[in-house]
Each structure stands twice: as structure tokens, then as C-alpha cells.
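Take this structure, written in C-alpha cells, and hold onto it; I'll ask about it next.
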Amino acid sequence: MMKIDNSLPLEYANEQNKMNIFGFWIFIGAEVMLFATLFATYFTLEHRVGNGPAGAEIFELTPVLIETLVLLTSSFTIGLAMNAMRLGKKNAMLTFFSITLLLGLVFLGVEIYEFTHYASIGAGLQVSAFTGILLTTLGTHGAHVTVGLFWGLFIIMQVKKHGLTPKTANKSFIFSLYWHFLDIVWIFIFSFIYLKGMM
Amino acid sequence: MDYFDRFAIPHPSPAIYASMVAIGLTMIAIVIGLTYFKKWGYLWSEWLTTVDHKRIGIMYLIAALLMLFRGGVDALMMRAQTAVPDNKLLDAQHYNEVFTTHGVVMIIFMAMPFIYALMNFVVPLQIGARDVAFPRLNALSFWLFFMGAMLFNISFVIGGSPDAGWTSYFPLAGNDFSQSVGTNYYMLSIQIAGIGTLISGINFITTIFRMRAPGMKLMKMPMFTWTTLITNAIVVFAFPVLTIALLLGTMDRLFGAHIFSMTNGGMDMLWANLFWVWGHPEVYILILPAFGIYSEVISTFSRRNLYGYKSMVASIVIISFFSFLVWMHHFYTMGQGPLSNSIFSITTMAIAIPTGIKIFNWLLTMRKGKIKFTVPMLYSVGFIPIFTIGGVTGVMLGMASADYQYHNTMFLVAHFHYTIIPGVVFAMLAGLTYWWPKMFGFMLSERIGKWAFWFIAIGTNVAFFPMFFTGLDGQARRMYTYSEATGFGPLNMLSFVGAIGLAIGFALIVYNIYYSVRYASRDIGSDPWDARTLEWATQTPVQSYNFARTPQVDSIEALWDLKRNGKPVFQGEIEKIHMPNSSGMPFIMSCIFFAWGFSLIFSMWIPAIITTIAIFACMAHRSFEKDDGHYISVEEIKATEKDWEVLNDENR
Amino acid sequence: MSELFPRKQVMGFVFSLVLTAAALTVYFLDLSFMAAMTVLLATAFVQAGVQLVGFMHVGESEDRTMIYMNIFYGVAIALFTIFGTLLILVWDM
Amino acid sequence: MIKKWSFLSLVVGLFAILAGCEPLLVLDPKGPQAETTANVIWISIATMAIVVAAVFGLMAYVVFKYRASKQSEDYEPPHIEGNPIIETIIVAIPVIIIIFLSIVTVKSTYEVEATPKGYEDQKPLIVYASSSDWKWHFSYPEENIETVNYLYIPTDRALEFRLYSYGPITSFWIPQLGGQKYAMSDMITTLHLAADVPGEYMGRNANFSGKGFAENIFHVKAMSPEEFDKWVEDVKANAEPLTEEKFDELLKPGHLGQLTFSGTHLGFLPPPEGHHHGSHETNDDEHGSEHAHAHEDVDTDHSGH
């Protein structure tokens, strides 16, 4: 393997690892712009409801609040998993990691409920510009979470099998960045789509 | 049978059938040729699976040249059709498809890969790196681009080409007014290629930030590396916008959403807005690498260091930021108030300032130099006046009130060809000729190259200068015909003549390649231009690991310092070198992407779902894959370097 | 056990819960549009900051300058895009 | 190099001659708005000519003086990093030019968006110009007449065009009277024009709108107010009325010649009045009042813009 620098956490141990993390930060920059575009579109179309319902008519606080709390907590637990990883505690790390994914699964479940609910009350994708961009924005975030769940699962399997190596630690750390970022995006969705729409 | 109707061409013509046959025959010829010469294995192991940035660069180059000719034929057809009034060569539908594909092919599938060809080949060499940061992703970028391009290019024989212009404004591009699958092709093929470009952007930023040779601080990077860095920064922030715009367009076209539609609250202007939020930075994505190439070429052939390096760097950074603040000048006439128009006018014109700085810096670089008019230098010097005309007309177009008269006319067409041809095509040809010997080990013929240059330079002016006048005379762009009474005839004929000149120029370039492959000397050393930067400090052809010993840099022109001042660059012992392994996955995954795009274009949901799962399966495979690369042993390196580096060490 | 729950992260989590609750006031109180938007903007951006610094360790690596620049650049352009779009398409000036 | 410049000047000369025969439409204004834009264009051409001359001149000097064939064998070009004074100059001069052009632009942009100069105190003639594939419908609400593919206007009177589209985005453009503006399906855009001189002008859709785009032209005839009034009376008396069925037929894609009707389509098919942007009220207008109930429970202050 490449040179290993022991003064740094495992995920930064070699040059390739550092590049992976740096590259992922750049990717997050791109994701900022991706979601910003969705938000720009959403704000433009927010009140263009055609014959369909407006946001205030379809948004419900309870599921949204559950989603928010679940995702916030999962962001906390993946942070704890990284802390455990840096302490070298593989089992604690795996526990926190698994909790994170379970919370992600709960989030996804509530979101699926939300989508079917919207469809059932006549707020499907094809109803209006507003519903179209609402569901696309939520769907893009939801797709990110779904990908994250699979990705996280693969990482758990690898950590289980190979232990905490520079490679698995690196993957886990990058996953944690991804997961925190999804939480940040959700905070903006929560504030500027749901709360703004309901107030 | 109904099921297969969708694959038929909605507006067939003999030309399309002829191309169908030609495509079929070419494919068969390639397959037979590869089988006969037993080259399948070579093709697979050396090219399709390679992760070597140099080979990927060369594949980008081949793709770009192919697309240049595809887009060029479109252009010729357009100019031929409008050469005389009331011409019947093409009908309206065919003409609409031709100018749409011309725009898309030239911007997305010619200019972009050409840029990435040179970036891929040159930048790692220029910064003294062994490869890019993520070689595997680099291969994926290329193959995604390639499959996107192929997907777009089959549109005219399967299902019909897009016909709503390269800007694809809704609602014209919506299902109501574009009923063929053409615009689906547009949405999905650009999406696939765009994802590849975004990955490249991340890859190059990481490469340049983390893999520079020791001592090469940011302010000691060669100008082409600087422009590559900034270009990719723009890519990273601009392409996600395109991703979303295309996603929303796909939602409308395939899933019946109403984002851009005329009913149910949809907003057609939003597409224009999102498209140009990406589209304007895209212009600078195209032009900044060109600025880098010109800086290298002008400095090399003036035998001088680049004048005003710091102000050059400052100006590209400023341009990159401003490029995101001007998009509205593409639709001043869309009914916003004068306040918006004024703000965006000022930001637009302000971009001319950093661009002007560059022009003057190049002129000041040539001043007190010792200018040798090689082919790359001719393109660089020819660029300056032509681009200046393009630039000043750009400032004119930037003035909102006057733009009400230029908008959508041939004046605009003239302007952007006056910027893009010198700003991209000239630069790419300059870069191609300049780096050709490093890529292939022989030089292109200077004599034929000069002929080609003059045809292209004069052809450009003859083809596009008349359009300033027809535009001011009221000729709108994208008109497939006009009546004799308009009086546009003679000038359009002149444009056609210019287009033929351009065509001859490009044909000469092809001939030049053929001629030089056959007759050019192979004994050219590793630094035939007497150049100044690190890429010329490698062996020709460049070894897979680029540098046997990591270079130590301490100036902008490391090689020049080595040659003139004897500053040592390669020191220390040769150590074993870690290299990434080749992989078929990027190619396979991109093929699946191709199938995925094709399925969606024709609304074939079951294959679309299967291919989606397959794409994620590829990603999962990658996650579990164990691939630590391989090492090249010291003995092997010494053997390959024996004849070369030792010799060089003695000479220097 | 306590080392598994470092103070910084727990505080960050609590703080983000508090911010979420603060954001919720726009739902329960009858604020003016401007006041409500100010609250939402403040809570959302502070929360993002908490995540970035507290959880994502944005400043820990040797590339921190570049990472900060990347984030600032991205956020700046994102804001320009959003407000520019609103200026053109919604506020109609 | 010489070859090229002599060739270029030949080309430019040729155009000057060509352009001399018949003035280019945009630079041959027949109304105040077109005159404003023509003036701006001339100012910008003159300013830019200075830039072009400076660059071309400097380039010619450098290229001739410092070519290798003119230098001695052993001339070794110096290493110069830059010069703060020169670099300040090459920044400062463009900045001054851009400031100057910005002032011109902002002033003229406000001018072309307002009622034409000299006509401020008049009541403008309002014409609703709507496009459908690939025709233009001109409705004169006050005169209560409608034409297709031709436009009669009085001279010396402010004209206010209200533009919208029954299909793709189009662009309403009469080069000799003023700049163009988009017509779109979900909002009305307003274009202020006026004609000073009687005559016939070319008008067209400038924005690509599909197969029939090239022929999407209309004829404009400016005439004295008296003649215009006479024409209006004549149309009212003689033209057949525009019915809803007839108008639906007109909207079908295709080309029509010039048609004239009494009455307008504005009554039975209201245009997307006002600005669609943001607010709920206009949304209701857009989609017909029968949908208004869908928004009753939505407070208007949500839009908050």
C-alpha cells in the first residue's frame, strides 16, 4: 500500500484518501448548486397551482416533523459513528451506523406515505406546475437518501468484513459527509417548502 | 407493428436513408476490419478499458474530431439551403433538425470533448503528476460523454432528430409542439454526457489541487493549468443546473408534469432562465481553456515568458465569477422591467474588462519577443483580431436597448461564431498542432497546416461577417428560407462561399493528418518546439507513468529554467511507481447508460427499470471491488528510461 | 461510554433541535411575512453551519481553505441564481 | 498577414457599398423608439471602433516588428513579469469605456420601455398582438376590429402593443419602428412603439417557433390618423364578424393570408391579462374564473413579493 501517515485519522491516512475526501467536498459544492436550482424553480412555481391544490392545502405538519426529527437524529448518530471510528471502536461505530440507516429507512417510509397521500388527495405529479416541482424536489432528495441507504449498507458490510482500514474508514467518512449534507438540504426543504408553505 | 412505428423517422428524406446505409456499412466495415486484423483484444485491453489519462485524452480527441465533421456537415447544409432565396434543398422540418443538431453537436459533443481531450492529455503532464486524481472516474467520464454523443447521433436515423433549436425553448420543445422523440433524445443524451462532464470537473479540480509537483505553488502553475482549474470550477457549479433543467424537461415530456407547459401553471420562461443559468457559464467553460492554450502557445513562440501572469490569473478568476451573473442577457426581450435589464447589461459589459486585459497581455507578451509563425502561433495570432470583433459585438449585444434589435437575428449568429470559432476552434486546432508531437511522436506538416489556417481564417470572416449586415437588415436566425424581395440573397451566398472555405480548411487538416502519418519524420526529440513547461520534459511517446522521478519545480516555466538556467528538475533515486489498473467497468456501465437513455427516449419502461437497476448494480460492484492497482518495478523503469533520461541528464 | 457521546456533538444535536423548534414558531405564531422569512433564513443557515462545522469537520483537513472557498463559492452562486431567478421571473422588475 | 488584411478591407468595403445602396432596416428608423436604438447602435459602433483600432494597430505593430525574421540570430527576448503602470492602463481604459456605455444603455433601456418621447401626453392606441402557429392576430379593442397578418397604424400616435401567444414563444418585431419583444402564452408583455413616417414596413416573428417560422411575417402600414379612422370605419361596416368558431379555426397551425374582421376575440377568449407573476389573482384570470374557488382559502399575503 501507499505510505500511511499515522498522525492523522485513519480516513486521511494516505494521499488517495485525502483526494477522495477533497473530491467529495467538491461534489458537495455541485450538489449545493443542484438543489439551489430546484429551490429557484420551486420558488418560481410555488404559487402557480393551476387547477390543483396549493401548498397550504396539502402540507401536514406531523409527518414533516417526524421526517425532520428522524433525519436530524440520524445526522447526529452518523456523527457519533465517525467519533467512534476515530476512537477505533468498530462495534460502537457499526451500531451508530446501523441506527443511522434505520432512521434513514424510517424517513423514507414516512416520505413514501407522504407521496401516496399527496397522490390520493389529487396532488400528483401531473396536476400543476406546483405539484410537479414539489414532488421533483422532494423526490430528488428522497432518491439521494435511497442511494445513501444502499451505499451505507455496503459500507457496513465492508467494515464488518475487513475491519477499520484506511479504505473502509475513508468510505465511511465520505458517507458521513454525504449524510450530513442530505440533512442540511432537508433543513432547507423543511424551512422553505413546508414551513413557508404552511405559515 | 404500431410498437415499432415510434422508431421510424418522422420526416424521411433520401439524404437520411443514404446516411443510414453509410452508418450501417461503416459499422460492418469496422467489425470486419477488427476481426480480420484480430484487433478486438487490443482494442479492449489497450483502449476500451484504459484509465490512462493520455489515452483517454486521445479518445476524446478522436470523438471530438468526428463530431466536428458531423456538425460541420450540418453547417454546410444550412448555408447551402440559405445561399439563394426560396431554395428547395431542404424543407423546413429538415432545416430545423439540422440547425438544432448543429448547435448541440458543436457545443456539447465537439467543443467540450476537444477541451477535455487537451486537458486530459496535458494537465497531468504539466503539473508533474502520474495521472488524474480518480483515473477510473476519468474513464467513466469519457465513456458517459461518448455514449451520450452516440445516443444523440443515432437520433436522425431512429425516431427523428430534435427540432426545437439547441436552446430547446418550451413550449416549442414540449409534447404539444414537438411530437417526435427528438427532444427526448436531447434531454437524455445531454444528461448522460453532462453527468460525465460534471465528474470530470470534480476530477480535475482535485487533480490540480492535490497532485501538483512539489514546489509548484498555485501561482507557479502554467496558464493552461490555471484555466483548466477555473474552467472545471465553473463546470462543477454550472452543470448541476443543466442536470436539473434537463430533469425537469424530462419530467414534462415523459411523465406529463407541467413545469414548462402552457397549462396548469407551467412557465415557459423558466426553461429559458434555467437553460441560460447553465448556458452562459458554459460559454466561459468553452473559452477559458482556449485562453490557456493561447497563453502557452504565444509565450512559446515569442520565446518570452507570459506578460502579466498575475493579472491573467486574476482576470480568469473574475471571469469565472461573473460568468454566473449575466445569464439574463440571453432574454432581455422576455418582458422583465428595465431595472433587471440594466443590471444584467452592466454585468455583461463588465466581463469585457478582464477579457480585454488578456488580449493586451498577449500582445505585450509578443512585444520584445522573437515571434515564429508556426501553425499554432498563426491560430493564436489570427485569434486576436477575429475574437476582438466577436468581443466588441458582444459588448454591443450586451446593451439591452440595442439588443432588442439584435436579438434572434443573424447579427447574434455572427457575433457568437466570431467568438466561438476563434475562441474555441482556433484554440483547439492550435493546441492540437502544438501538442500533437507529444501525443503521437511526429509533427504535422507546417506547410499544409498553414494552408488550412488561411482557409479557415478567411473562411470564417467571409462566412460570418455578412451576417452582421443581414441581421441589421432584419434577417432573423433559424429561417429556412426567405423571399427574393428581402434582398438577403447576395450576402447569404457570400456566407455560403465562406462556409465552403471553412470546409476546405478542415478537409486540409484531415489530409494533413494523413500526410504526416505517412511522411513526417519520427526523429523529433521530446521537445520539438523548444517549449517552456513540464509536459515537454517527458519522453516521447510519454511513458504510462509520465515521469520516472517526480519533478521538483520552482518557477512557472520549469522546463525553460532547466534548459536556460540549468535548474535541476528531476532529482533523487528512481522508486517503484504505483499505477491504477485498467477496468472494463466504466465502459460497461456507460453502455448500460446508453441502453437506459434509449429506453427512456422511447418510453420503454421495463428496459428502463432493468437498466436503472443495472446501473446501481455497477456502482455496488465498484463499492465491493478490491483493486489496489499495481506497481512498476525500478528495473522496468530503468530499462525504459535508459536511452532517454540519462541522455537528457547529460545534455542539461 | 461518555467518550462515545462527545460534548461537542451532543451540544450540536441539542442546538439543532432548538433551532428546529425556533423555526416552528413561524407555524404557530402569526408573524408577518418578512419576520417569518427572517426567522427561517436565520435558523436554516445557522443549522447548516452547525452541521458543517460541528458534524462534518469542515475545517479539520489541510485543504480547509479550498473547502471553505468551495462552499462559499457554491453558496454565493446558489444565492445569486435563486434571487436572480426571482428577480427576473417573480418580482418582475 | 498582409494578404489577410487587404482581403478583410476588401470585404468591408464591399459591404459599405452594398449597405450604401439600401440602408439596413435597423439603421433606417421610422419612429422614435427605433431611432433611440439606432442611435445606441451607432454610439456603440463608434466606441467599439476605437477598441478595434487600438487592438489591430498594436497587433500589427507587434507582429511586424518582433517577428523572428527581423531579429538578429542571437537576440534573446527579455524576461518581463509585468508592469503595474501598463496593466493599470489596460484596465482603466476599458473601465471608462464600459462606464460610458453603461450610462448610454441604462438611459436608453428605460426609454424604449416607456411611452415614446414626444407622445407622453397622448392616449396610446392599444393593439393586442397575439401569435398562433404561424400567424399574427391584431385586435384593436377600442375600435373593435381584428386583423390577421397585417397591421394598420396611425402615424404620430403612441402605440401600445400587448403581446401574447397561443403557442410557442414568438417575438414581435418591426425593425424600423423599434426593437422586438417576446409574446408568451401565460403573460402579456408590452411594447411601446410609434411611427413618424407613413409607409409600409416589414414585421415578423423573430423567435423560432417551428415549421412555419420562416413565413411568420406580417405587413405593417403606417398612415395618417384620418386615413386610419377611415379604414376602421370601413372595416366595421364591411368586414364579417369574428365568431368563436371562426377564431378556433384560425388558431389551427398553418398559414393564412391577410384577413379582416369586425369584433375581436378578446371578448370570448380573454388574453392572459396583466402580469402572471406570483400573485393568485392573476392565476385565476389565467385559468378562468371557474377555478377561482380552488384558491379561496389561500391568503394573498403568502405571495409576499
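Side notes on the structure shown:
Letters A, B, C and D mark the chains as written, and numbering starts fresh at 1 in each.
Throughout what follows, a residue touches a chain if its C-beta (ideal position, glycine included) is under 8 Å from a C-beta of that chain, and two chains touch if they have at least 3 such contacts.
Since the structure is predicted, the reported quantities are computational estimates derived from the model, not experimental observations.
Put simply, the chain nearest the middle, going by average C-alpha positions, is B.
For the pairs B-D and A-C, the count of C-beta pairs in contact is higher at B-D.
With centres defined as mean CA coordinates, chain D is found 46 Å away from chain A. Annotation: 32 Å between the Cα-based centres of chain B and chain D. Distance between chain C and chain D, defined via averaged C-alpha coordinates, is recorded as 43 Å.
Averaged Cα coordinates give chain A a centre that lies 15 Å from the centre of chain C. The set of chain D residues that touch two or more partner chains comprises 276, 278, 283, 287, 302. The set of chain A residues touching two or more other chains comprises 18, 22, 26, 29-30, 33, 37, 40-41, 44, 48-52. Chain contacts: chain B has residues 209-210, 237, 241, 263-267, 269-270, 273, 277, 334, 337 touching two or more partner chains. Interface residues of chain B, counted against chain D in their complex, comprise 92-93, 96, 163-165, 169, 171-172, 176-177, 262-269, 272, 302-305, 307-311, 331, 333-335, 337-338, 341-342, 345-346, 349-350, 352-353, 356-357, 359-361, 363-364, 366-373, 381-382, 384-385, 388-389, 392-393, 395-396, 398-405, 407-409, 454, 457-458, 461-462, 465-466, 469, 472-474, 476-482, 486-487, 490-491. Chain A contributes residues 12, 18, 21-22, 25-26, 28-30, 32-33, 35-37, 39-41, 43-44, 61, 65, 68-69, 72-73, 75-76, 78-80, 82-84, 87, 89, 92, 176-177, 180-181, 183-184, 187-188, 190-192, 195-196, 198-199 to its touches with chain C in the complex. Only residues 209-210, 233, 237, 241, 267, 269-270, 273, 277, 321, 324-325, 327-328, 334, 336-337, 339-340 of chain B touch chain C when the two sit together in their complex. Remark: chain D residues 1, 3-4, 7-8, 11-12, 15, 18-19, 22, 24-27, 34, 36-38, 40-41, 44-45, 48, 51-52, 55-56, 58-59, 62-63, 66-68, 71, 75-82, 86-87, 90-91, 94-95, 98, 101-102, 104-106, 108-113, 133, 167-169, 171, 173, 175, 178-182, 184-187, 189-190, 202, 204-214, 276, 283, 287 touch chain B in the complex. Against chain A, in their complex, chain B makes its touches with residues 133-134, 198, 201-203, 205-206, 209-211, 236-241, 243-245, 247-248, 251-252, 255-259, 261, 263-267, 270, 273-274, 277, 578, 616, 620, 623-624, 628.
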